[in-house]
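Next come two complexes, and both contain chain A; in the first it sits with chain B, in the second with chain C.
Up next is the complex of A and B:
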């Protein structure tokens, strides 16, 4: 197992992020993490990334607590924290210094594939910055990729480019957890889909099984989460 | 999820691997794809359609088991020279005929009238 949550609850001061989540992620799965706003998607991904600590229960990644394995986990958060003066070249230096598994060659290829302009991020559009951030994340060579809303607030063309780069870069022994509201566009990627509601697991299904029952993920989403 | 080369998929129309198989058979039936021709690699097709590469691999495995395509090691995936193209054309024709029959049956139209209408439209289209 690549990652495991065992009866995990994360309580914030006022509310609960996730409640009693038990999930296993074997190597080689592309998993969609779906739910309405506040359903616990980001909390779940941050718990697996080791950026949050569970109030109850246990998170295990590669046989240990996530914090100890942070170097082997790629986490792409929701917030765009790129420095305004940063160019893709600066990003390359920054990531190379931070992560030994960062592949500059691959980064260059991804910048081309995603058509990221070579200029300061403050002059980039939101879509261009989103594409740059994805290129930075996918240029690391890890076994676990946690991508929180990589398509949010980004134009249609950028979203398509991002999805097709994810398909192209994914190795069959790597696991990707991807949260998104763009269900219709992304659902083809998911072999497995997890639906969260109010911090709890509402449904965990093989996506093609849903389709076998004549339902798209979008329809299931409405059924399960409405 | 649509593609100019006849690969369009519907997320609510059954498993994707089945649909990819159907698209290959349709392309063969229409002659857009011919025996001996090479198929795109699973990863290229997956990337074009934004679907999981494993899903395409699954579709190709089924087509291979059905004797439609074959994988040549190191070269790629090809339509078999002896792929049953005629059978696929027939299958495709019957599927279209069934759709038409079901549609006009719902209109409460008699068979002769339905056939006459088909012939008229057919002839008009030819001109």
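Up next is the complex of A and C:
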């Protein structure tokens, strides 16, 4: 098991991020994490990444606490957190210096495939920065990828490029957890879909099973979360 | 080691404008010294020394602002990115501190040179050993007991505020630590005064009196037979304090939520 949440609750000062979540993530899955705003998607991904610590329950990643295994986890946060002076060349130096599993060759190929301009991020559009961040994330050779809203606020063409890169770069022993509001565009990726509502697990289903029931992920989303 | 080198590079990329501006400002101070044209040599030396003291204090402020720019990273999300990188919190804190300390060392040694220069201009020609002491030993000693612990404290303070942001502005933990620090500083200074000179002192400027006499000045260094005795206790205590501050900051970094 790559990651496991065991009755995890995360309380903030004024509200609850997630409540009593129990989930397992074996290797080799592309999992869609879906829910309305404030449903706990980002909290769940941050808990697995080790950015947050659970108030109750236990998060185990690679048989240990997530923070101890952070070198093995790829986390792409929802915040656009690149330094404005950073160029793709700087990003290459940053990543290859800090992550032993970063592949500079693969990064160069992804930059080309995603058509990322070689200039400072402060002069890039949001879509270009999003593509650069994704190239940085996917150039690592990890087993667990946590992608939090990589499509948010990004134009249609960039979204298509990002999705096709995720499909292309995915290996069968890797698990990707992807949260998004662009359900219709991304649903073709998901082997498994997790629906969260008010911080609780509303549904955890294999996407194929939903399809056998004659439902798309979008329809299930509306049915479960409306 | 690669992680530390990369974080040091990152720190240099983040802060090179601050460091360059600070070190570049020495040209302004040198120009300012040149503009002091009082007739009396002693007054001229005094005013020039005051200018260099102001430069030293300004430098401390700029360095503190440089090392303490955590808030923008917390808001911008870069703090989260750094929290998830494999190097430990100690390496992150160490890299930030190393860059600021290296900048400080360059700056204050240059100020030491300016002190040597104004002494020369006042006719006090120091021998090679004393010149090395005024440009190297004295700045390093003074940095270890003032600027370097101050920078370590600022780093700890900013990590503390960024990590335990009880409110959006982080003013509550910041205020608590600031007030606590003022009380602690008082006890620290009193304690250092109590223990000073228990260990053998460091003798600096053995031949300063001779140089002053040769310059036909009437000033006399009293009590120490022509040298300045620096107590070594504050040096070791503050050095230990730097290590404690950095260790605490690194530990907080390890435990913090993003």
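Everything below uses one rule, namely that the second predicted complex is superposed on the first by the 226 of 226 C-alpha atoms of A that agree within 3 Å, B and C clash if a C-alpha of one lies under 4 Å from a C-alpha of the other, contacts with A are read in each partner's own complex, and residues count from 1 in each chain.
Rule of thumb we're sticking to: a residue touches a chain if its C-beta (ideal position, glycine included) is under 8 Å from a C-beta of that chain, and two chains touch if they have at least 3 such contacts.
Here the structure is a predicted model, which is why all the values come from computation and not from measurement.
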{"item": "Chain B versus chain C as contact partner of A:185, first or second or both or neither", "value": "first"}
{"item": "Touched partner set for A:77, first chain B, second chain C, both or neither", "value": "second"}
{"item": "First, second, both or neither for A:105, with chain B first and chain C second", "value": "neither"}
{"item": "Residues of chain A contacting chain B in one complex and chain C in the other", "value": "none"}
{"item": "Complex interface listing, chain A residues touching chain C", "value": "46, 49-53, 67, 70-71, 73, 75, 77, 79-83, 85, 90, 93-94, 97-100"}
{"item": "Contact set on chain A toward chain B in their complex", "value": "30, 160, 163-164, 167-168, 170, 172, 184-191, 208, 211-212, 214-219"}
{"item": "Chain A-facing residues of chain B, complex", "value": "1, 9-17, 43, 46-55"}
{"item": "Residues of chain C defined as touching chain A within the complex", "value": "2-3, 5-7, 9-10, 13-14, 76-78, 80-81, 83-87, 254, 257-258"}
